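Next come the structures, one after another.
Common to both upcoming complexes is chain A, partnered first by chain B, then by chain C.
Entry: the complex of A and B
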């Protein structure tokens, strides 16, 4: 369960923490400085990084996931925003206003920018490396285990669902038809998965404790995370930009 | 049996293992609901169930980690709502501990409370990130209607989110209530406050 694309690129080389900082700074900048120019500049930078990372095409389904939100922002703000005064054009009786469309466009840029900024992180970073970097930075290995095991569990549980769906159908469960029929099918499908997985927690926790999960010793790592030469410099620059943006917003 | 406070951060291994399971159940619930084309998300069943089983800390962590994991793997937008999910876990956990899941009537009330709180927490987030809209067809239609009647944006935004959150969370809490009631006792006891696994 990941959108990570294995590639050989400059962006893949960069360490996960730096990319996390980039994602947050780039996603938040257009919210701190509400101008079309800022949003556009940051968006172009993110898109360039995606292109350099050879993952630009993979960002499109990610944006597609929020397409309704994006379209709805422009349309609703364009028609209904309270400070709308200057009509721009109309479809039949529906009038689109300049102020609302301009603001809707800013909102749209912000959302696409947020998706692209996180896309740089998500598409070029292996989740395992990300978790390990955070543990090395001091996050509890217990939380690291939780996140890591989710990534393994979800494909397993999805496979169980397919099995249970077939089993229940062979017993005569209807999963298509009117809304009521479909509502009735929900519990028989999810119930067994929930029971199974809750019961399995006992075995999992025994297995973990037997392997010294709660041991107080310092944990070591199986894989070595490669360090990135310019990590400190890039991080410092990103944080400076962030602080500068906040100061700009407050004082200017 | 020595009982710990429900707010203890010292989680037993079983309680910790419940968190990834809860997140898995969230995902499964969402997938099945989408597969059956139900008009609800049902994507917080795991968070709610784990809160009922293991209290507010496990519930809250499940909620927050759930959205962060979605954020870093499938859908960045969900990171924004990590706070909402966390609050749902905490509220259900604390109220369940106080006995709000003892019978159907109380569970119904719990569902309404959770729905209202979820909408209240989401509204400021929606205001900051998308001017109060949610990207849900029905919610955004209501939002547009209220703005066209010259209603204030915050009200439009709150109604936009409550119109989706309330039914979804109400049904989710009730489903979890039935599942919770049906669980065997030894499963329920696994996560409760004693450190021992079970008494043989």
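Entry: the complex of A and C
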């Protein structure tokens, strides 16, 4: 359950922390400077990075998923925005206004931009590399473990739920039909699921304990998170842009 | 930690161990005392809730450090007292493998190789040594071919071997296995028993709780028989499985022993019944009259 795409590219070589900073700066810039031009520029940069990272095709289904939200944003803003004054076109009695459509477009750019910016991070960074970087920056290894294991435990858990559901159905439990039937089936399903996860959680924590999870020693790492030559420079530039944008917004 | 020099000595010393889980009335372990020498293979037998798992947990420090409850007596692992040590320190002395292969996977690693390195990362082993130890573990378990796979994509038997590899990578001198094959099919069980025997040949002291008596009889040096938390017997497989009251303790002896008992075939010299096929055949006049215990 990870979106990471293994590729050989310049973007994959950049260290995770730099990409995290990029994702946040790129996602926030169009909010700090609310103009279409800024949003468009940042979006184009993110898309370029995705293309360089050879993962552009992977972002399209993600944008597609949010298309419903995006389109409804534009329509609703176009029709109902309070400061709508200039009618642009109409379908029968429904009038679309320039101001609303323009604002809807900005919202749309922001959403797509957010997806692309985090896409650069998530599609080109191995989750365990990302977590390891955070641990090395001082995050607690326990929190790191929780984040890392959730990604793999959720599919495990849904498999367990499916097994329990089948088992209960084979004993005659009705799980399909009217709402009332489904509600009645909920308890016999959720009970075993909870018991089962409690037991496996206890067993897994034993397995972790005997492998030194609570060790007081400083942790070492099997893999070196690759450092990127220009990481510091890129990070500095990104943070400068960010500060500059805030100052711009405040003083100009 | 200093090792105690070159002489052979007791790896495990258990003295009057008593333990009661929180919120229970019955002692899970009731006055258990035994000693295990370096390199020995010990089998723990007994019916369900006889205290096998509790004893395994007590040998690895999870009792009393993970499970609270009333604890009495003393357990010494390689000269270290369990009660005053920590699970992390003990994990480098005595490793624990248990029955469920799924829950022994950390779920935070994406390859078998990384999974095995997990414990070594935690205890701060240097990268070079980590790689060396992981490679050694993979080789010992015969799982080099699956090192790049996701642990959850493996079969139960492979997963259990990964679990053992992860534990032996910590280089414990003692390996404690709590019914390691109870959730595996016969072929996978066979593989797991094979690697356990191989570890024994490497000189690792092994304590194994199991229900497969034929297997235990064939490769253990001594058997510890538990019943309702009490220690009933601690002797060679031949002596323990020849006991007439074995059924009272809910233990079924190896099929060979049952057969020979029914036929009245006893080894006159030792006054015990055979416990393995090899012993039966030698009793029936095979090539060597001495029981060839492997």
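Everything below uses one rule, namely that the second predicted complex is superposed on the first by the 233 of 252 C-alpha atoms of A that agree within 3 Å, B and C clash if a C-alpha of one lies under 4 Å from a C-alpha of the other, contacts with A are read in each partner's own complex, and residues count from 1 in each chain.
Note that in this section a residue touches a chain if its C-beta (ideal position, glycine included) is under 8 Å from a C-beta of that chain, and two chains touch if they have at least 3 such contacts.
Given the structure is predicted, the values throughout are model-derived calculations rather than measurements.
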Contacts of A:128 with chain B and chain C, given as first, second, both or neither: second
Partner chain in contact with A:63 - chain B first, chain C second, else both or neither: neither
Touched partner set for A:213, first chain B, second chain C, both or neither: both
First (chain B), second (chain C), both or neither touched by A:119: first
First (chain B), second (chain C), both or neither touched by A:204: both
Touched partner set for A:225, first chain B, second chain C, both or neither: neither
Chain B or chain C, by number of chain A residues touched: B
Which of chain B and chain C A:51 touches, first, second, both or neither: neither
Partner chain in contact with A:82 - chain B first, chain C second, else both or neither: first
First, second, both or neither for A:32, with chain B first and chain C second: neither
Residues on chain A lying within both footprints (that of chain B and that of chain C): 145, 149, 153, 156, 200, 204-206, 208-209, 213-214
Contact footprint of chain B on chain A as seen in their complex: 1-3, 27, 31, 62, 65-66, 68-69, 72-73, 76-77, 79-82, 103, 107, 110-111, 114-115, 117-119, 121-122, 127, 130, 142-143, 145-147, 149-151, 153-154, 156-158, 161, 175, 179, 182-183, 185-187, 189-191, 193-195, 197-202, 204-206, 208-209, 213-214
Touch list for chain A against partner chain C, complex: 126, 128, 131, 141, 144-145, 148-149, 152-153, 155-156, 200, 203-224
For the chain C and chain A complex, residues of the former touching the latter: 57, 60, 62, 66, 86-88, 91-92, 95-96, 98, 100, 102-110, 113-114, 117-127, 130-131, 134, 152, 163, 166-167, 170
Chain A-touching residues of chain B, taken from the complex the two chains share: 11-14, 16-21, 23-25, 27-29, 31-33, 35-39, 42, 45, 49, 53, 61, 65, 68-69, 71-77, 79, 128-131, 133-135, 137, 140, 143-144, 147-148, 150, 153, 175, 178-179, 182-183, 187, 190, 197
